[in-house]
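Alright, structures below, take your time with them.
Below are two complexes that have chain A in common, paired first with chain B and then with chain C.
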Partner chain A sequence: MAKKVSLLLVFCLGLLINLTGCYDAAEVDDEVYALVLGIDKGINNKVRVTIQYPTYKSSGGGGGESKSGGRMEAKNETQGSIIDTIEAPSILEALDMYGMSTSRRVSLMHMKNIIISEELAKEGVQAYVSPLARYREARGVVNISVARGTAQKFIQENKSNIGESLAKDLELMTVQSDNTSFFPRVTFYDFYNSLLSTYEQGYTAYAGLNELGNLPEDKYAGKAPLMVDNAFKPGEIPRSGVAKREYAGTAVFRDGKMVGSLNSEETRYFMMIVGKFTKGIIDMEDRESPGKVISLNFRPSRKPVVRAYFKKGRPIISIKLEMEADIGAVQSRVNYEDKDQVKKLSTRAEDYLERRAVQVIGKVQQQYNSDIFGFGQKLAGYFPTIQEWEKYDWLSHFKEAGINVKVNVSIRRTGLMLKSARITGYEK
Partner chain B sequence: MTEKMNDRQGYIGTYEAVCLTSIMMVTKIFYTSIAVIVKIEGTSGWYGTLISCLTSLVMFSFIFLLLKRFPHMDITKIFEAVIGRFAGKILTLLFSAYMIFYAASSIREFIEMIKAYNLPYTPPSILIFGFIAVCAIVAYHGLEGIARVSAIFFVPVIIGVVLILILASPNYDFDYIKPYFGYGLKKTIVTGVLRSSAYDEVVILAFIINSVHGLKICKRAGYSSILISGLTFSTNILCNILAFQYTAGSENLSSLFELSRAIYFNRFVQRLESIFLFAWVVASLVTVSIAFYLAIDIYTKAFRIPGHRPLIFPFSFILFMVALIPENMPEVVQVNIQFIRQYSGFFIYLAPIAILLLAVLFRKRGELHNGKKS
Partner chain C sequence: MAEKNRLKSLFALLTYKKPKNIETFYIPETEEETKRAQEIKGMEHKARGIKKPRLVSEMSKKRERGLEKDRETYRFKYKEKSKDGASKGRSGNSVVDKQVSVNIDENMGLVKKAFNSENNKDIIIREFTVGGQLRAFIAYMDGMVDRTTINDFIIKPLLAKKEYHEGECSLDKVIQQVLQTNQANKITDTEEMIYEILVGNTCLFIEGCNYCISSETKGFEKRSVSTPQTEGVVRGSQEGFTENLRTNVTLVRKIIKNKDLSTEFLKIGARNNNQCAVMYIDGLINPAIVAEVKRRITSLKTDFIAGSGILEQFIEENPWSIIPTIISTERPDKAASHLIEGKAVIIADGTPFALIVPVSLTTMFHTPEDTTLRWQYGTLLRFIRIFAVFIAIFIPGLYVALTNFHREMIPTDLLIAIAKARENVPFPTILEVMLMEVSFELIREAGIRIPGIIGNTIGIIGALILGQAAVQANLVSPVLIIIVAITGLGNFAIPDFSVAFAARIMRLIYIVLGAFLGFYGISLGIVVFTVMLACTKSFGVPMLNYFAPKLRNSNDIIIRRPVWMQELRPDNINPLDITRQPEISRKWVKEPPAENMREDSEEAGEDDRKNE
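And now, the complex of A and B:
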């Protein structure tokens, strides 16, 4: 009996050694976790890879301390993180090459963002994206964006300006897409699938650096005109602030190459069509009081209904958007809370959204010839087999498609007011 | 002697028999099977596997007819009764060899995948050793022990898989199943019939028939497990096409693992592949244990050796060696696994069917309950 027990114990101890995965064990502190991976065209070699990783210093990364706090920041050190750039023949070898200067192994296990420079995106991203799809550390749910200018510079300005955690900041930044729809949240997994797809083309968020010089502050311009169109590209938003990096719009791809972009305003209508618009406040000019704004808080009431068919060999796409809105603000104080006025306002909102959606589709269709909407999915059902579908080559026929858009808007609520009362002396 | 025999075989109920065969069939969804089907059949893979399921039901019916013709006899005894002791023994040993090949290939596929996803630097021999050690312990406890383990873990494994499929549902787009006929209806049907091999593990019931309380339970367990597996395969293939399209869907080493990695709700609900890991490891261990045990059991039946335990160590050694034969991952997938899931049916299904034909032709039958020959 004792012999059996002893043998069992020896066996179990043997298993302990084998089954603990010690070969692959890595202490958390033994690796640096790149949170952002930037990809630029190289100068001396094929690709320039930039990574941003936390510094493991006190106060959640140490960089939270300001320069005025007396601690020096290295040139490549931004709040709570270090940014390293290297040129290499490939991304994966670049990660190894960091090992020659960084005391810890670079891991992509906790990567949040991939930033591709616009120049590289325009040349084609397949060669850089495919290795990441194969690499076990790169997760499919990582967000991917194209940066105007270089990814390296973009990352150098990628600072956590609220709170100390850069990782949290990066994740919440992309969640802003759900709050405003001014840029799409695109995961690596979505983007990679679209690169291989025969139904649709790819797109990513469009990012850039704002030098904060677009907001004139030194002169009074008099009565400013009303511009309800928030049509900005990254780097062009008139604002001041701390963070230079901003996301505005969509980078449009065709056959793996960036062929153009949608601005922040166009992106909202694009997101409505693809069913990714969750909510957003859209300003319309008040027809009853020109120069004043009505703010409507839109959200989809159901998923967009897209139907597709062939008419005399020509693909026809019919899109129906069902939206709901709440009145957010009425500058004119016209009584839009009245049920007849609500109806009128709904009709105007429908016209407005319809016109904008048609413009966006027209732009993507005619200028970029790229089905980022995924209309091909609806037409594929007309082909019995994949061979016939691929032979038809929808992506080359996208430009010929006739596309109709119909929008229904139901204004549901009027905010906290039942009626807009006249402000005494306001009209004077 | 009797005690020893009971020790190695034991008796299992309908539920345990269903779990035993189902878990062995279902484990494939964790591996390359889904991507391979999507690669061959495209968007029609999800119903192509139902054709395999139907074919397997038909094939199992023939095997059941054979078992019915020779009541109280397991298939090894039937082989000997129909084609003679020598040829029957050879055929039985072929099944034993196939089970070793099956177990070794399954281990190797598991090891290659775990190296690709989780433990890239651990030497495969260490992983294989650990894996076989567990299987040997499970096999030591015999069929009854394996059946109990299967019965305990089958439901959690299925719950794990269902959980992954449900949590990944935000990634699904039903338009991705178009064009509906995939790479062609003919290709779907031909591949569907060929891939019935992926269900041929149901044949294990013919080897353990004496432990499953007779033909009725064997029949019920066989049909149920094929249907459960068919439904599981079909749902998994469908979900993978809906998430990855037929293009990227044919690339994944493990489509189900990739699906679990695609789950993202918010900062707090993500990285849920641990559910997958649990289901995957448990299902693989049980599957290999069953195949390993059966390899030994069939061997002992061929040579009428009482008790399987003395053979566990030598068979573990053989298993270890066979698992190390493939040089690389492509060899495992394109040779071993392709044979098991696409062509093994020619042997696993057709050998018993040929025996049935011979039995009918030479009018051979087993003994009836009252001991009289018909």
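And now, the complex of A and C:
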């Protein structure tokens, strides 16, 4: 009898554990997975939240193109994904409010991107970012970017043009940062940390919509000058194509508010200094035959060496960039592969990079006064306690800092050509 | 009138009619049963452990306890009784005389009675006279003997014998001079004589002798040695055990040509008088293992052991363990390799399988192919197998846990794909998994039982109907088909059939745990199972040995090192000789190549001569 009772008790205990485990179980298709979360300034309420999630229709979609039930002119269902916008007092409440119209629970488990509208970013993002940092489902590794115009419009144009998978499209789009360094790749975790930090200021990727009308027909009457700086802001890249959305440059924050932006070219030098630059082709004008381009494929050979110290109370920061370059193209076909010429070319490249880097630092320092480089980290060591460091308030002293940049370029490879021979009959 | 009759017959269809009293067959109770029924009359429900329904108001704890006791005693009595009955029944037609008599008529009566020759036509008794005077007869089991042997080498020489010496028992002479069979023993004990006849030998009785001669004439139908059905290998021996014990022992002895290889025969099964052989290498195996194996087998009191499968269940240490604690193999080379390691092999007559004891978990994943292949390939095979076990046990459970609790761990694209696939499926994942698992098990079981001629059908049913149609009918998602398929593949890659069974059971447990508690449940399951496994022993050897307890590495546990590096025998079975080969087993690597050696030896020879 006692054995039976104890067996029953054990069984009940087992059931207790098992059945309590069940309560948060849910099927895969009971939820929709918002891949993009857009945050706009609300018009009638505090915030306007846009989410984009893939549909579970068996084909990749496309059928949704013709149907348009959107609030704006843009479509809310494109290529196997649905875009929902809602106005709410807060982001988290918005997620619940979707439940009134969406048949499945909105989950942020698989969120890839957070898009903040520029307008909102300029007003300050703390109020919108901190609930996400606390929310269990939102991951720290979500990429965050600021969109020119509204996030809603940006997301409505966020189509996966190449394949059917929206998730892959979003993931690989941010990975492009590693291939070109035209825009940074900032995770929500890093961004949130920088908001709290006394060492550095935040920055995010800068995105926008391109109306695809930037390819001017004939501005210079067939005699276009050489413009080697690819200084573009999102929406201004001269291109035509399918995707309207584009990422170019960096949104610079100060004290949780966006204060300005770096264009795509400046972003490269910025990323070189913070050590995130992986590779990129930079064109320089050939001094020996103006109007022609030398393309160099740069990549860092070492991590940037940043040394910081105080000189008579003034913070001095010296940066040493070690770069490697491969010759990509020499339009003039001057024999730069030659031993002496290579040295000349690398000195020229050093000058060029140095000049540009100093310009970027100057812009950030003087115009935006925001230490997005994180130099504070190097200086904090001079303060014995954190209180003293906080009292010193580095972020307000950033402007006074003297910053020197030294670039060392060594050209390693010349591609598949050992010698640029003149093309016969050309330039006779 | 006719109309009325018709109405009546119609009416008769609807009304109740007393059935005709048709006598049908039934099995009558035995005397003993009837007697017992008398004894417990009025108390049957107690004896059978059935509680008679009573009013709640009448219930009191005291009476309850009293009843409990009653039932216990009744049960006890029943057990005792049944034991007696079994032992009585076992002896069957009991033979009165214990010894073979001098009188030939008495002996014939004894044989006839013992084998119930009136009804049992299998026993053949052939009478004749030896030397024209002495009466004699041979007795054998028809079908179990080789007739040529009996005709040409027993009867012929006996009938041809002409001289005869009075006064002395002539059987000694018969053994020495007349019988031309390879084995002939004197037997005086009746029980032994009966056994000899039962196993297919021929017993010769001659007037005036108080013993008989048993000649080896076994010659029953048996399957020839063929390739193993369940344990195939690509490279390695292609011989498999058969149902015949003698053949099996020979197959092993053929591989191990060692004088120390001992085979002990033990009788098992009181009613079917089966035989089993315990094989071991004397002087290598730890004697305690042999003693324990023999102790367990000889202690068995049961009526029927058909072969190694039943024997395994009788002698295993932990009947509740999911993982088997005895390896059963169809391959003589596998049995031989374990014998060489210092283990014991038990072969029972009747099934083409040998039992290997003691074993550990790691040995269950070894196959002979690991050793016949070069070590890199063998090691790869082992890793594949271990991976297969993990797949076979965990994949469906992990899938359920992942999709129900840990969706954040699935790559987004895969998650969307799963959701798309599941969109039209009306069942929850756990039901889907169960449905597919059950159908897969059905295919497996049906595939084994299906008659060979219509065997192709199973492929069509399995692949087409369950695979494709189930998906098209939206019963299950295609992802699940992959899960079940890969689980099935993993299961088939497990070399040991019993372990594969264990994996199937554990898979179900992990599916349930995964469905209830997610990864937490699966980790709990792993912990509990590991603890259980750590407590399990196989003939005194912990199943998890080498890991827990930590043991000396024999270089052939998980990673199979080259054979010349396997210097030691496994530590877990404490063999008397722990070294398999010296540190340098390939002496040639230390020697100069053949060409140089000759010159060296010549020089050495010259040196010797000089020294002289």
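Everything that follows uses one rule, which is that the second predicted complex is superposed on the first by the 391 of 428 C-alpha atoms of A that agree within 3 Å, B and C clash if a C-alpha of one lies under 4 Å from a C-alpha of the other, contacts with A are read in each partner's own complex, and residues count from 1 in each chain.
To be clear about the criterion, a residue touches a chain if its C-beta (ideal position, glycine included) is under 8 Å from a C-beta of that chain, and two chains touch if they have at least 3 such contacts.
What you see is a predicted model; the values in this text were computed from it and never measured.
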Next item on the list: Report clash or fit for the pair chain B and chain C bound to chain A in the combined superposed model.
Entry: fit
Item checked: Partner chain(s) touched by A:Asp24 [first = chain B, second = chain C, both, neither] -> both
Notebook entry, point to check: In the superposed arrangement, does A:Ala380 touch chain B (first), chain C (second), both or neither?
Noted result: first
Next item on the list: Could you say whether A:Tyr56 touches chain B, chain C, both of them, or neither, answering first, second, both or neither?
Entry: second
Notebook entry, point to check: Once the shared chain is lined up, is A:Leu35 touching chain B (first), chain C (second), both, or neither of them?
Noted result: second
Note to self: Just checking: does A:Met100 make contact with chain B only, chain C only, both, or neither of them? Give me first, second, both or neither.
What the structure shows: neither
Note to self: Which partner chains sit in contact with A:Ser165 here, chain B, chain C, both or neither? Use first/second/both/neither.
What the structure shows: second
Next item on the list: Could you tell me the angle at the CA centre of chain A between the CA centres of chain B and chain C, given to the nearest 10 degrees?
Entry: 50
Note to self: Under the stated touch criterion, which partner chain does A:Ala2 make contact with: chain B (first), chain C (second), both, or neither?
What the structure shows: neither
Item checked: Distance of closest approach, chain C and chain B, by C-alpha atoms in Å -> 6
Notebook entry, point to check: Considering each complex separately, which residues of chain A are in contact with chain B in the first and with chain C in the second?
Noted result: 18-19, 21, 24, 139, 168, 171
Notebook entry, point to check: Which chain C residues qualify as touching chain A in the complex?
Noted result: 68, 403-405, 407-408, 410, 412-413, 415-416, 418-420, 422-423, 428-429, 515-518, 520-521
Check: For the complex, which residues does chain A have touching chain C?
Finding: 1, 17-19, 21-22, 24-29, 31, 33, 35, 54, 56-58, 107, 109-110, 112, 137, 139, 165, 167-168, 171
Next item on the list: In the complex, go through chain A and note every residue touching chain B.
Entry: 11, 15, 18-19, 21, 23-24, 133, 136, 139-141, 168, 171-172, 175, 187, 189, 192-193, 196-199, 374, 377-378, 380-381, 383-389
Note to self: So in the complex, the part of chain B that touches chain A is made up of which residues?
What the structure shows: 42-43, 116-123, 126, 129-130, 133, 171, 173, 175-176, 178-184, 244-248, 251, 258, 261-264, 266-267, 270-271
